[in-house]
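Think of it as A, B, C and D in the order they're written, each chain with its own count starting at 1.
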Amino acid sequence: MDASSPIACRVRIWLLIPLVALIGAACTPGGTITQPSAPPAPSTGVTEKGPVTLTVWDQESGPVSKVWDRLNAEFERKYPNVTIKRVNRDFGELKTLLKLAISGPHAPDVVEANQGWPDMGQLVKAGLLLPLDNFAKAYGWDKRVPENVLAVSSWTPNGKQFGTGRLYGYTTMGEILGVYYNKKMLADLGLTVPATFGAFQQDLAAAKQAGQIPIQFGNNDAFPGIHEFAIIQDQMASKENLTNFILGRQGNQLSFDTPQNVQAAATLQDWVKKGYFTPGFGGGGYDAAVANFAKGHGLFMITGNWIVANLGAGNRNFGFFPMPPMSAGAPPVSTGGAGFPLAITSASKHPDVAAAYIDWMTSDHASDLLLQAGEIPLHTGASTSAVEPGTVLAEVVNAAARVAKANGVVPYEDWATPTFYDTLTAAIQELMGMKISPQQFVAQGEKDYSGFQSSRS
Amino acid sequence: MARVVFDAVTKRFGDVTALHDFTLEIADGEFVVLVGPSGSGKTTALRLVAGLETLTAGAIRVGDRVVNRLAPRDRDIAMVFQDYALYPQMTVRQNLAFGLKTRKMNRDEIDRRVRRAADMLDIGSLLQRKPRALSGGQRQRVALGRALVREPKVFLMDEPLSNLDAKLRVQTRTEIRHLQEQVATTTIYVTHDQVEAMTMGDRVAVMSEGVLEQVGDTRAVYEHPANVFVAGFIGSPSMSFATLGATRQGESLMLGRGEISLTLEGDSAPADRIPDEVIVGVRPEHAHLWTEGNGLTGPIAGHAEYVEMLGRETLIGVTAGGDQRFTMLADADTPVKTGEQVRFGLEPGRLYLFDAMTQQALGMV
Amino acid sequence: MNTASRTQVTLNYVLIIVCSLVAVYPLVGVVLASLYPSGPASAPSGFALPPSFNWHNYVSAWEQGGFAASFTTSIIVAAVMVPASVGLSILGGFAFATMRFRGSKAIFYLFILGLIIPTEATIVPLYYDVRAMGLLDTYWALILLETSGELAFGIFWMRAAFLSAPRSLLEAARIDGASSWRTLWQILVPFARPAILTLTVLTFADSWNEFFLALVFTVNHMTAPAGLASFSGRYTTNIPLVSAGAVIVAVPILIVFIIFQRQFMRGMLTGAVKG
Amino acid sequence: MDAEPVPEVPSRAVVVGGRRRPESLPGAARRIGYLYVAPAFILYAAFNLFPLAQGVNVSLYNWDGITPGTWVGLGNYAAFFTDPAIREGYVHVLILMFFYSFMPIVIGLFLAALLSRIRIRGLTFYRMLLFLPLVITDVVTALAWTWVYDVNGPLNTVLKAVGLGHFIPAAGWLGDFNTALPAVGVFGMWGEFGFCLILLVAGVMKIPASLYEAAWVDGAGAVREFFAVTLPGLRYELQVVLVLSVIGTLGTFDEIYVMTSGGPGTATSVPAYLVWRRLFQTGQVGSAAALGIMLMLIVFVVTYGLNRLMERGAQE
């Protein structure tokens, strides 16, 4: 091209347009973030606020969802000036939409945000959640639940440290992973509730031999796989290391690439090879698996307390136990702890009304109702006396109490880094699909973990 | 009513000069035909007046105004397009009224003008139709009507008849001329058809390759073409040309090449200086088969290349003197056949002489 | 082509009918599936008529899928976005087809560039821009982004349509003294009406089918397809119910397609060939 | 240089201040063109061009979308060679191209060649049916196919009925690591083939019958006729479907979101899906931007390359 030609000139002038735009755009993305300071404790009563609409986002379903409706209605009756607008989404959807929703102009006031780096950590870092410390003091929340329940909702305001700093979410309900079993099938097979991990594996083999599905499972939704792996891992790794690993307390000094994790992964793969899971579990949905288990397909199902509601809290055909330890008599260890905490967004125009709402949703009255729907109350003075012995709910409550008493609660592993949920779910699907070896599995997790830990320092 | 003046107008498109130093004055009420083959610049000249092109140099005046930079709407001209350019979604009435509405003319005046034009063109019954529903001839009339209602200073017509069939074309030719005489509006009419040019124009401007070759009334252009191009372009069947050597011997002019040898007598020799080589132009009607004592110049011996029966007459193409070609009109019942040797002669005083170098006319002998 | 034998003719019909069946079968199957009894155990095979016609599935899907809200969004967005993008395309296409101004070529090429910029290349900064403008989760986010997204094709399309008008038509208008505005709306737009109709129909289809933008920019104001995706996520095991939702979302575009199928095909085929 | 030749006009009429400008017509307001283009251009620049530039900028940072990013230069692009997740996404898209682009074109060509010689009555009706997969919302068609692939869905019903039940993967077609991607591919093939067929049949109709007659007189068989007449005659249509389908495949998102969410594992993850995941779920915003920009560059190269390839084919 002849540079002196006017045509060339003209063309070059126009090439400048995107260039100019580029210069206009060339600045470091991500401006300053104003971290909201903790609001003062609520001054006066909610009723004096005038008409208030409180938007609440949650991910409850089934009977628990119905309890929420009831509690919301009661709250509205208690405070006639308040209207609750409830938005209900499923777990996976809430995970992606929450950040979007809170940044938007129709930001909700109260949200159920999962703990950990991928969810609450990101929201805190972006300054989207309000510190609850003053409310907690005023309402006495900090005295009502064990320290570890508060810790997993605590962050330094810059979102850099997990498990410490200010409180961003509050719940009085707990979760526990464990093993559901079909009482009749267990008896028919001539088995009893196993006391050791080894005995559990023998039960699996026996069920397989008898032509039953040893573990009802469907992993199309990807998250259930985390539970299958975690419950094995809990028995093999040290719970202190696991907790510190997940909360990122020792930075790069802890690794996902440990012999225990390899062993846990190998065990999981071994179970797949032996056909202990529902055939075609990779394509099966979680809801379908729960429904099938309830219908009597499968000896065991490894998941959390929340399906009690699906089975029916008063159901006596099913039992529940924490995954038994490697050696008989050892204290039980299981993943679980606090349920989804409620948080207040910094965009909320009525934080004190929101706080009153959270207090209501965590009251004794609320926990009594939620207990009947299969949720486990964690707060001091919670009464489980209303639970009928011998029901599946009673077994879950007992199991949770035993684990809690033994101080054996380990946080969920997908909280460990902002990308760990994605990494872990995909890797477990591949592990269980025989796509990767246990060594490759831990290497994938470690790559994510160490990458994140070194970016933090 | 206005005169139109092209003053040394030049128009270039890129490297192509479409019109070069074009100067022409058109009187008020005059009907001037721009004629020439395609690419001669005639349409460009018309579009420059219309304001559809921007001139490169020179000036155009309509009336007393220089219109070089005026928008078409301010030039007070109306144009009839070759393809009529009727607005397809509008009825005939809307088509006619459109140009008036854009000038914010009042309704009554618009109605009056539309009715008048429709009457003149006999399209009153078509006013509610859309162009799609009209015949070619009807469309042509509507296109004329659209120009007429505007009552402009100048009509511009760009080959308005070329899309009509031969019969209709002849008929419409007269009508347009008649119409123009009625309204007495200055008209510039572009065509490539020299018959149209000869039959319609007060004056004819013959153009070629962007240059005005000759302008004059139709008779003058026909009888006294300024150069070889005009001579060849105007007239049908067209003039034949032979390039011959020329020598002057006293009062006589000797023209020859090969076996052609013509002696032209008398003081009719035009220019003082006759170049060594000239082009001799002969209209077919001025060449005849040789008979003794016919008073023709000749004889020229040639070879009949073709014999075309035209009906009333026969056109004979002859090669003589090697590669010189002549055409002649003979009676319908002429016995000459293709391939025969013929002898023919030319009417003295009817031969056009042109300078072989400059192509310019030297005169008639 | 008189050489075609009877078998050949038959073979051709068989081929085209088989192809059409393959194209239609999954869609017809979904309609059948939507009429099975609702519930996780319901397993329509796709070959038999449902045991009973459970039209009520449509009512349930409509209510539980929140389609009243997502249809409202889709309709509002389309109602603003379609006229806006077609209108702006007409204006721009007109300028590029009939006027020469400094840089017109370069600007036109910039628009053409838009035909091959994938949404994924701009979505990341757009998210933050839209948030900074406070438009996240509003109709405006979808309206603005869908409108600007259609401009590249729209301008390209309208320019071609206007270029196909005879030049003399424009010149006649100039001589008749019409302003460019009048020329556009009274002469070129009526002339290009078929092309404009085609563009309108295609733009509406794009707007109605928009999924990615809705997914990224809206939460409470989801479009019909995004609402359907969310709905199907909550009722994965209830095939009849989800199928009913799918049919509900497909119906409007199907109606538009059947009414305007000629425009649709011309748009997609010539649009494709020219693009 | 694609600009058209600019006239060498040394006249005052068009040369102002020594700069060339396209000559305007007499009396035409020179700048009015900008007014017509401006509304569209402002919108387009604000929501397409400017974000594109911003996207390039963001892609040069390691950014979580919240706190100030850190400059990494081309680091996010280097990840195309080091990050297996990204590489895998592109491999998947390449495999999808076989289904979305290659197969529909081959099928379309084959059928177009067969259908070309005989006038089909009711063609408009069949065309409408063949167009349906393209017209109906992706989410709807993807859900339809999710059901087709369902454990008890029509596909398995047929396979079992003809005794091929043992081919059905235990995890289902969309749940099995080996079949998930091809299953999505078959869906795409279904979506594209009608369009290819219609476009190619339309192209065949445009080939002059005299060419076929000449081939027939020369004694060419069906195969020779196809390669000598049909294929060269369809070059332009082929170029169009090839470019469109390849670009379309590169942007695959809706069906992945609806049918597999990128799973099982990452067996069906594609670049567009990665962009979305990294933007919203994992806070790898810089990387998401780089993926998007890279996708655009690939679209550029593919479009340009295919056009060049077809043009060269035309010259030979």
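The working rule: a residue touches a chain if its C-beta (ideal position, glycine included) is under 8 Å from a C-beta of that chain, and two chains touch if they have at least 3 such contacts.
Here the structure is a predicted model, which means the values were calculated and not measured.
For the pairs B-C and A-D, the larger set of C-beta contacts lies at A-D.
Ranked by distance of CA centroids from chain B, the top chain is A. As a whole-number value, the distance joining the C-alpha centres of chain B and chain C reads 56 Å. Computed from the mean C-alpha positions, the centre of chain A lies at a distance of 93 Å from the centre of chain B.
With centres taken as mean Cα positions, chain D sits 39 Å from chain A. Chain centres here are Cα means. That of chain C falls 16 Å from that of chain D. Along chain D, residues 3, 6, 23-25, 28, 49-50, 52, 54, 57-58, 65, 151, 280, 285 each make contact with two or more other chains. In chain A, 10-11, 17, 25, 29, 100, 220 are the positions where the chain touches two or more neighbouring chains simultaneously.
Among the residues of chain C, those in touch with two or more other chains are 107, 110, 125, 128, 174, 216. By the definition of touch given earlier, these chain pairs are in contact: A-C, A-D, B-C, B-D, C-D. For chain D in complex with chain B, the touching residues are 5-9, 11, 13-14, 23-28. Chain B contributes residues 12-15, 51-57, 67-74 to its touches with chain D in the complex. Of all residues in chain A, only 1, 6-8, 10-11, 17-18, 21-22, 24-33, 95-96, 99-100, 118, 122, 125-126, 159, 219-220, 222, 279-284, 418-419, 421-422, 426-427, 429-430, 433, 435, 455 touch chain D in the complex they form. Taken together, the chain C residues at the contact with chain B in this complex read 166, 168-169, 171-179, 182, 186-187, 190-191, 193. Those residues of chain C whose C-beta lies close enough to touch chain A in the complex are 40, 103, 106-107, 109-110, 125, 128, 131, 134-138, 216-217, 219-220, 230, 233-234, 236-237.
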